[in-house]
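Here the chain labels run A, B and C in written order, and each chain numbers its own residues starting at 1.
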Amino acid sequence: MRPLEYVTPHSLAEALERLAGSDPSETVVWGGGTALGPLLRRGLVRPRVLLGLERVAGLQDLSLAEDGLRVGALVRLADLSRSPVVRGSLPLLAEAAGRVGNVRVRNAATLGGHLAHADPAQDLPPVLLALDAQVRLESVRGTRTLPLERFLVGPLQTARADDELLTEVWVPAAAFGRRTAYVRFTPRSSQDYPTVGVAASLRVDADGVCREARVAVGGAAPTALRVPAAEAALVGGRLTRERCRDAAAQVESAVDPWDDTRGSARYKRAMARVWTERVLEDLASEA
Amino acid sequence: MAEFHAGGEGRTDAWVKLYGQAVYAGDVRVPGMLYGALVRSPYPHARILRIRTEAARSLPGVHAVLTGEDVRYGTYGRRVRDMPVLARQVVRFAGERVAAVAAESPELAREAAALVEVDYEPLPAVFDPEEALRPGAPRVHEAPWTYPGAVTGPEDPPNLQSRRVWQHGEEVEAVLARCRYVFDETYFVPAAHQGYLEPHGCLAWWKPDGSVEVWASNKSPHRLRAQLSACLGLPPDRIRVMPLYVGGDFGGKGSPMDVPVCVALSEATGRPVKLVLDYEEDLSCTNPRHASKVRVRLGVDGEGRLRALDVRAVANGGAYAAFKPAEHVNLNGFGEAGNTYRIPSVRIESLIAYTNTVPRGHMRSPGSLEANFAVESTVDAAARALGIDPLEFRLRNVLRTGDLGTLGEPWVEARGEEVAQAAAAALRESEPQAPVGRDGGRWARGVGFAFYCRAAHGGTTEVALLPQPDGSLVVRVPFPDQGGGQHTVVRNVVQRELGLPAGFVRVEQADTSQLATDSGVGGSRVSLTASAAAASACAELRRRLEEEGLAQLPVQAALAELARRWPQEVVRASVSVDEELWVNSVCVQAARVAVDRDTGQVRVEELVTALDVAEVLNPASHRAQVEGGVVMGLGSALLEELVLEDGRVVSTNLHDYRLPSVADLPRLRVVLVPGGKGWGPHGVKPVGELTNVAVAAAVANGVADAVGVRVRRLPISAEEVYQLMHPREGKA
Amino acid sequence: MTGAVVELWVNGEPVRAAADGAEFLAEFLRERLGLVGTKLGCGIGVCGLCTVWMDGRLVSSCLVPVAVAAGRQVWTVEGLVALAEGRVHNPPPGLPRPELVRAVHRAFVQCEGLQCGICTAGQVWAVCALLSEEPVPPEGRVREFLAGNLCRCTGYQGILRAVQQASEEWAQRAAP
């Protein structure tokens, strides 16, 4: 018998207190449990307390304001994908959230848990990187906001301190209205994690000149990765084939994949290039 | 045929399953039962130095911790009895059972198992079957020929598990030497799991009177009883195997698996013990498909006619032969190599080696997929090399009614041509999907064909009819319905034979004490033998009704009256078919594939399955068997590989071992080509192991047609195709 | 020692459970409550055998520790059948309509949407949830929605036909 308690504080302050005062191997934050559940079943984590956030006001909110879209950490991926607010402002995010795992996973998994889990093959990190997302971390010590690329540190590693909660994801309004695309390349089964995932967002002016670019890949490096060199190759000119190809070449040299059942490192590297090029060419030809 | 299918009634087991009331092994609950868990070896080959069980034993609620030394039963197996109930002194694969625990809850049992400490001394191990057969390789067993049922001898290489040779016609080397063209190709089919979704489970209850009751996820209860009898040293009538539903089998649920260890736990504790594997254990430690390397040499003359076929397969049998039932513990499907063609000289050799890996068993049409992928790919490659259309090449050589089979079989018919034409026509009707927008150039399209032919086999079974006072009939059968619809076939036959309306026939699975014999569900033989047994039981019942002067009454009234007069009345009939039937079924599959030129991704856009049928006893189940087989074939073709590294299974969950989902399927078309000659009173042809076989070759041949590369390894992964298409980059 | 005791509702009835850290909802339902209609397959959320309805959504009961189910409404296949048979009064909002469940059951029987039956409870839940949300889903959506419920036996074709049939029946009934 290994007792396990599920505690559901009623306020953020209470939750943060609880987290601050406890041993991280004894108390873990429970979002939807789709990542923790399998670990718990196999005894790979053995906490005594699961800290549930469902009663904390505000963490399930989704709000659109002048400065952008704010998504509470406890918003479930299914709700994210269906939300008219998200569909209207950031259709790419809604669509990508609707492709993660399966129906039951999306019904349970939370955006906060998804990002805090930091599996490098996940879908939403590259999408959110391409949308300039920032995450908000709160603890009894205070609040900080980090760009997502600084939050993602390594495989299953983030910049979150043990006493911090991820409370909110913010996508600045500057990311709205860009041309965006995400491809999850799953050559085996649609139910796989992507072999590689490529997300991009571009702002192109009326003359067809690319003014802003974001390119990010998942599944091909220890974390989802933004590739500034690829972005630089796109900005300041028209989106010609050559530019897209240059950007893709930059991605190929920036990634650092590993071998697994979804493909060898060599193959993933090549696929990161192929799909970057395709995604960019598609975006270039969008009216 | 329509009147045959009891109107809209559906399967016998449909409602009980929809209602969640069908009982499977893991669902059985007996008062006072304990839960078992296993300690498994982390080493592929090691000496067991010491096992410390004190910590596990001292947990409150733990009732027994057993090691090999505590078990006095013999070894077990379906034919060769080489598998210990618990390892003694040495472990031969990573995942082998080393100790077993019985405790009051599954969680506690698992926790206790984790507390058992074992000291090992690792031993040199061998993982590759060809290496294992070389002189000087580490020995998996010291003297495998000494096991009961062994099929090898001391003169054989020590790691030889089985050798089988099939031969017909003139000596193959001599003919090959005379052939204008000889194509020499080697193919690889990896290990695979059967993919049943219900993991293995059992419950054993050693009763105070020394008898044993067993519930197990097993498709052949009578054989299980015989295998247990041999292992436990108990007479068969002391063992009762209880009826149960089986949650998928596909060849993987025909052995005692963990029943003997569960019996040992029950004997030690005096309590019923249930042991259910978790899926990870099932994927890595049970009885997956052999990995096989198949070399094909095909001789063709100047007119494009096949003259000689030499096939040499080497398969990885894993650490024990215990999970194979065939006479030679070989894979009979290898003997089918090339059997859809006229080939005057054939030699096939299949070697299976012991290695320090998970023991291998049967998977739906064992050996057939392996042989078919290799031969049908080679035939395709030969046609392309000779500049002949591959379908035309096949038709030029296809076996026709009146021809002797490749091994001299006097088939009653051979319908390859008709079936192939039907497949080709269906494929022509379907237009390729229009290229999508800008992506148009990215997909290269092609079509591929593959032929397969499977012989029908008999078996032994018994059926009992029990008339009921309400005018209905209970039919007792000795085999479970593991999903194939066998119980429904029996119901339909009985309804038709006796003219009973829907709802008046109920099929029940007997326990092993109620009916005498059965060879189990397998080799697709059940609908053949069971339908024959049911028909002859019905004839016997009609005779009884005549005897009793009831034959003139309406059937229900007659049955009711019979039941009133003779409340214990049981009419039995058994059928035993052990002669060769010379009936076969042909299946031709045609795939339209698209290959992404830059990524190697293969999309099957359309898959046509045409097959040769005679009488169909239950159209709905028949269709379901066909479709289920096709999708399993797609899994083998495109997704499934049980990956082993250093002898250990590493694809230990359903993320890594990927089964097809409904979102992964192309359009499937099934074309039945009626008019075939089946076997038995109803003239049926088997279908259960027919449609999963040729899919892989059809898809691979489609890839060759689309982009000109030959895939020689399953599954056909995007990466494999990519590397074949970009050989230089592949080396980078 | 015994740990905390939690209370939850299963098929509308309150039940009490010891919150053992190693025990998950799937095992709890099966072993403690004897509700064995919910099956256990992969144990990692992939296969769908353990599908149950919890507080308005389908979840994998293999991934929910009993402690986390505290206070929640859980419905299993046994409850779904009771619902279909009209034995449930005041079902919580969001459960499929009894007529829909009956239509789905009939369609599974008539279209041979099952074989070995191990995946069936989960499939029926998924189909009921889908048709509750969208009575006439396009085929692509059906495939997407059901992709998380594996079936090794049927090749899915019978299930797809059953969805089609149930959807037609249900849409007719739902239409005024």
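In this text, a contact is a pair of C-beta atoms (placed from the backbone, for glycine too) under 8 Å apart; a residue touches a chain by one contact, two chains touch by 3 or more.
From a predicted model like this one, the values you see are computed outputs, not experimental measurements.
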Contact graph of the chains (line, ring, star, complete, other): complete
Label of the chain whose CA centroid is most distant from the centroid of chain B: A
Separation of chain B from chain C, taking each centre as the mean of its C-alpha atoms, in whole Å: 30
For chain A paired with chain B, centre-to-centre distance based on mean C-alpha positions, whole Å: 42
Of all residues in chain A, the ones touching two or more other chains: 1-2, 43, 190-191
Multi-chain contact sites of chain C, meaning residues that touch two or more partners: 20, 22, 43-44, 46, 147-149
Chain B residues counted as touching two or more neighbouring chains: 111, 280, 655, 661, 663-664
Contact set on chain B toward chain C in their complex: 8, 10-11, 13-24, 26-27, 29, 105-107, 110-111, 195-199, 245-250, 276, 278-280, 482-485, 620-621, 623-624, 627-632, 653-655, 659, 661-665, 668
Complex contact set, residues of chain B against chain A: 108, 111, 114, 280, 438, 598-602, 638-639, 643, 651, 655-656, 658, 660-661, 663-664, 717-719, 722-723, 726, 729-730, 732
Residues of chain C touching chain A in the complex: 1-4, 6, 18-22, 24, 43-46, 48, 51, 57-60, 62-65, 67-68, 70, 126, 129, 145, 147-149
List of chain A residues in touch with chain B within their complex: 1-2, 42-43, 185, 187-193, 195, 260-261, 263-264, 266-267, 270-271, 274-275, 278, 281-282, 285
Contacting residues of chain A [partner chain C, same complex]: 1-6, 30, 33-34, 37-38, 40-41, 43, 46-48, 50, 52, 78, 101-105, 107-108, 190-191
